[in-house]
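Data first, discussion second: the structure below is written as structure tokens.
For reference, chains read A, B, C and D in written order, and residue numbers begin at 1 within each chain.
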Amino acid sequence: MSVGVDLTTYVAGLKLKHPVMNSSGILGSTPEHVERLFKYGVSAVVSKTMTKGFRVGHEPPIIIALEGEGLLNSVGLANPGISGIPPIVRKAKELNIPVIVSVGGSEVQEFIDVASVAEESGADAVELNLSCPHTKGYGIDIGSDPNNVYEVVKAVSSTIKIPVLAKLGLSDNVVKSAGKALEGGAKALTLINTVKSVAIDVFSCKPVFKNVYGGLSGTPIHPIAVRVVYDVYKELKPEIVGVGGVSDWKTAAEMILAGSSAVQIGTAFILKDSRKLVHDIVEGLKEWLIKLGLKNICEAIGLTHKA
Amino acid sequence: MSKVFEDVDVAVGKCSHITHSLNHRASINTSSERFHNYLLKPAEVVSNKRLSEGLWRVEMRPISRECLNDVKPLQFFMVWIPSSDEIPLSVSDLTEDTISFIYKVRGLGTKALSALRPGSFVGLKGPLGNGFEVSYVRPSSKALIVAGGSGIAPVPYLIKKLAVANVQADVVWGVKSDAELFNLREVLPDLDVRVFTATEDCSAGYCGLASQLAVELLNEYVYSVLIAIGPKPILRSLCSVRLSGGLEFYVALEAVVKCGLGACGSCVLEPTDKLLCVDGPVFRCGDIKEHLMKGGN
Amino acid sequence: MSVGVDLTTYVAGLKLKHPVMNSSGILGSTPEHVERLFKYGVSAVVSKTMTKGFRVGHEPPIIIALEGEGLLNSVGLANPGISGIPPIVRKAKELNIPVIVSVGGSEVQEFIDVASVAEESGADAVELNLSCPHTKGYGIDIGSDPNNVYEVVKAVSSTIKIPVLAKLGLSDNVVKSAGKALEGGAKALTLINTVKSVAIDVFSCKPVFKNVYGGLSGTPIHPIAVRVVYDVYKELKPEIVGVGGVSDWKTAAEMILAGSSAVQIGTAFILKDSRKLVHDIVEGLKEWLIKLGLKNICEAIGLTHKA
Amino acid sequence: MSKVFEDVDVAVGKCSHITHSLNHRASINTSSERFHNYLLKPAEVVSNKRLSEGLWRVEMRPISRECLNDVKPLQFFMVWIPSSDEIPLSVSDLTEDTISFIYKVRGLGTKALSALRPGSFVGLKGPLGNGFEVSYVRPSSKALIVAGGSGIAPVPYLIKKLAVANVQADVVWGVKSDAELFNLREVLPDLDVRVFTATEDCSAGYCGLASQLAVELLNEYVYSVLIAIGPKPILRSLCSVRLSGGLEFYVALEAVVKCGLGACGSCVLEPTDKLLCVDGPVFRCGDIKEHLMKGGN
């Protein structure tokens, strides 16, 4: 039935056989994780955000589910550090799947150092995490200031040759930050990260996370993420990877119509059957394109702005 | 050693329906059920007592009973102790409206748990993981349960569920020294079960390792299933036991479980890509051999 | 069972018999609406946001439900204008229930004019809507700039004598805006409004709202709202009315622990049984206080910060 | 006039079990059911044809059939016509996988709807409101349905459902002029129903108002229930009819419905605090008399 429909898409110069990747932070810290993500059927593997040194992250609880099909996480950027990058990239190469290394840092030099290791290891691209909402100094603090965004993206883009994606979160200035990221040399934008939130247990009267803050993800943030993608695409027409509450072909299609060239999935891999999810989305997108009378997914990217 | 595993695989091949069912078990029925399991459900501590040196038992009453439905033996909960930690603990027993855990005081989390008084509140995330499906064990057959140290924690609920399925259990419980032992009948008053204890320092019961005692029993009696719970070395050596006949080997593993939801990857059972928190903690020996064969604890 | 537990709470000098009000925009435009809200059991009635002139609002669709128990609305501040205020206040007086008139405007003078009519009509307080996310020039455009917030609140507070509440929405500067509102004379803060979002229909490829943007409300925004309440309380310890995804006693309790002296409910009145909701929340809160060993709700306000 | 209403009230009092059931109907079973009804569900236009002057019929196939379960007669959907409007329309007919609406072209929304070709997509929010519960009508009795103008829209589905409950219906359909009429059997091929038409300009059928013709029928035949759908004046005058016996009077009202969810208040039935979109559109005369007595359309 879906013969002749082409889901091939392009992001930051990478050719992807379909638009569905994992989002950073869902596994992605070890070669075994990469293998598992590969089995989930993603078109590219995105690593956990890597910082220069090993980070143990926050103490558990690190993730809780919330009513409304959401997750709240306060993982605290636990990651193996740069020494973890080469084994991941090697495994991806072995599996013949594009790999994007997510890069974190608390200052410009750290971003450069980690991104350089990614490049040396053979990563296909890096995604700069400028938007983690629950790790002080490592995320949204940077991303909500357009000038910081420019500085980091510019510094990394001028140091490495592989494509740079900038991952931004919800902020008043997100469209401005997006513009600055592109100006700084980002080939594509990943939108959005989790949204800063708090959960309190009403019996112990304590915040659930020791660190108090968590990042909200999944279905609850989907309409917010679509809004950010819509606004950034409308203003700047860049290549966008849409993230936030993608959990089926419909939510993926919505992201694509709003302006995404590809999508990433985090929460749905946890709350749904991760082994079927990508397959179901890919098949659903094919049938959808047929229903719309389109031959390939590229025609659907940003279509809402054109109609 | 790999030869041994292959033999086990062959034995497994004979029961392909079981293998299939096992795989099936790996996927939780509906995503909404999964979702509900992942919510943090408040519970009130009812009692919290020392059973022996290092081992404690805590009983909790969830504010809503729902999370007590359909809990399988060897499933676990992430137990959140407010302001201190969240740790994985296997279900030790269930009543109409309470759930119990047996735990060994190790570090900060378990210490904080042991300090909770009745009336304190905790949060429970679960049931998590795949439990042991007692209905797959041949009725009227016998099961051998081998527990090392705090591996005894899930045994009471496992025995209870096996009994309901008309499977009688023998338990081998191995510890370093008799101070760790408590009378299993304290937590299992009604069940007809034989408990064989083993101590490494020969201070009580069988003198030696639980796995050695288990092998002796396997030679003496006929069991349809062996379930081993405890430190990796015990599991590794039991999975290597070579036996003829249809004995099924299961092991319940431990790993560092930080999220319990298959997200963080901390519980990956290297060198496989299996995650203990969603694919385990119970596995058939043959399905996890690469991990067991890799050294370490 | 709940004998002896006191739910009386105080907001901006108003004494409320329990902490549950409706939020602005759920009915509240006519005396009949007030009567209906009264029957829902609220402790005070909050009017629809009133502007100086009548506003027809956006064309339908104006509200849709979204996966994750949320609503998206783009009502566009439809309201009868100032002539609608006296009948509403009169009806509330007749029913002997406190009434807070929500005041909107696109410039300082409009806020002053509407608030003055509310005062003259006998309203118990006004709530300045500085945070509507889907009506250009009428909301979040004002509220995300702390200086604008100060200007509007100050102007209204110096003109009228009844207490002024400032309603703020999610923005990078919400804590700063909150501080400015208090500085400007607000007696309490209402936090938060809906969150700017977009929904696209994947078959017609069109945004669901003609106006494209809608405000997300309900369960999805609850953890975000709790975060804002938590942050503002932590920083400023003002009186707060917590709004966003309150749908049962637990979500109300969470708001209270985070620092709310009262809560408002919008979406849950639509998605749940509106005639039972307040009663169930009030009873639930009583039992909860007993379980915690507290005698009155005031002891629970902001408790998470104290423990 | 208030006297008349009181009489109706008394008649109602006799059937207190019905009154109670009606109140009960006012609350949708579960909030998750309600929630599902409130989602915007895509549907594809299958056909869209003119039936008579001003009246059209559109048939749509929802992408997912779920929203077609448990639709009661006189319930409505908010029909979203992308880029133009969202309007309330009563269910006119249902099949296994399609839903039909009959509509009068009035303004922008209905004009845009009439321009949709097969293959176009719309969005459906519903079913909304309280429908008419046919099971409360005494089986083997007869119902009189009085429709004014486009009030005919929900009649086919109502008749169908009444027939399933073994209630036979007579229909009075009143219009201004015969150009508005179409043959009801076109949309109702299989049903055994008597249709009495009335035109105000005497161009066809009974010469006069539908309400007058209805009163004549009420005097001639025995009905257990009367259901009137149409402009407020028709409903008002029918509710004032004074009859002895157990005849139940129902009316289906219209109002400006903007949200359909009980949020915006645009559909409030002044001077009551009832909202048409959640409490209606169907009411027993006695329950809505203050509104009907208040003049206007």
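By definition in this document, a contact is a pair of C-beta atoms (placed from the backbone, for glycine too) under 8 Å apart; a residue touches a chain by one contact, two chains touch by 3 or more.
Small disclaimer: the values here were computed from a predicted structure and weren't measured.
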Check your understanding: By CA centroid distance, what chain is farthest from chain D?
Key -> B
Check your understanding: Just how far, in Å, is the C-alpha centre of chain B from the one of chain A?
Key -> 36
**Study point:** Computed distance of Cα centres, chain C from chain B, in Å
**Key:** 50
Check your understanding: Which residues does chain A have that touch at least 2 chains other than itself?
Key -> 66-67, 69, 199, 202-203, 206
Review point. Multi-chain contacts in chain D: which residues touch at least two other chains?
Key: none
Point to revise | Chain contact topology (line, ring, star, complete or other) | key: line
Check your understanding: Where do chains touch, given as pairs?
Key -> A-B, A-C, C-D
Revision key, fill the gap. Touching chain D in the complex, chain C uses residues 25-30, 32-33, 35-36, 39, 48, 57, 59-67, 69, 71, 73, 75, 78, 199, 201-204, 206, 208, 210, 266, 269-275
Revision key, fill the gap. Chain A residues touching chain C in their complex are 66-70, 72, 144, 171-173, 195-200, 202-203, 205-207, 212-214, 216, 218-224, 226-227, 230, 245, 250, 253-254, 257-258, 288, 291-292, 300, 303-304, 307
Revision key, fill the gap. Listed in rising order, chain B residues that touch chain A in their complex are 27, 31, 34-35, 38-40, 42, 44, 63, 78, 80, 82-83, 85-87, 120-123, 125, 258-266, 268, 270-273, 275
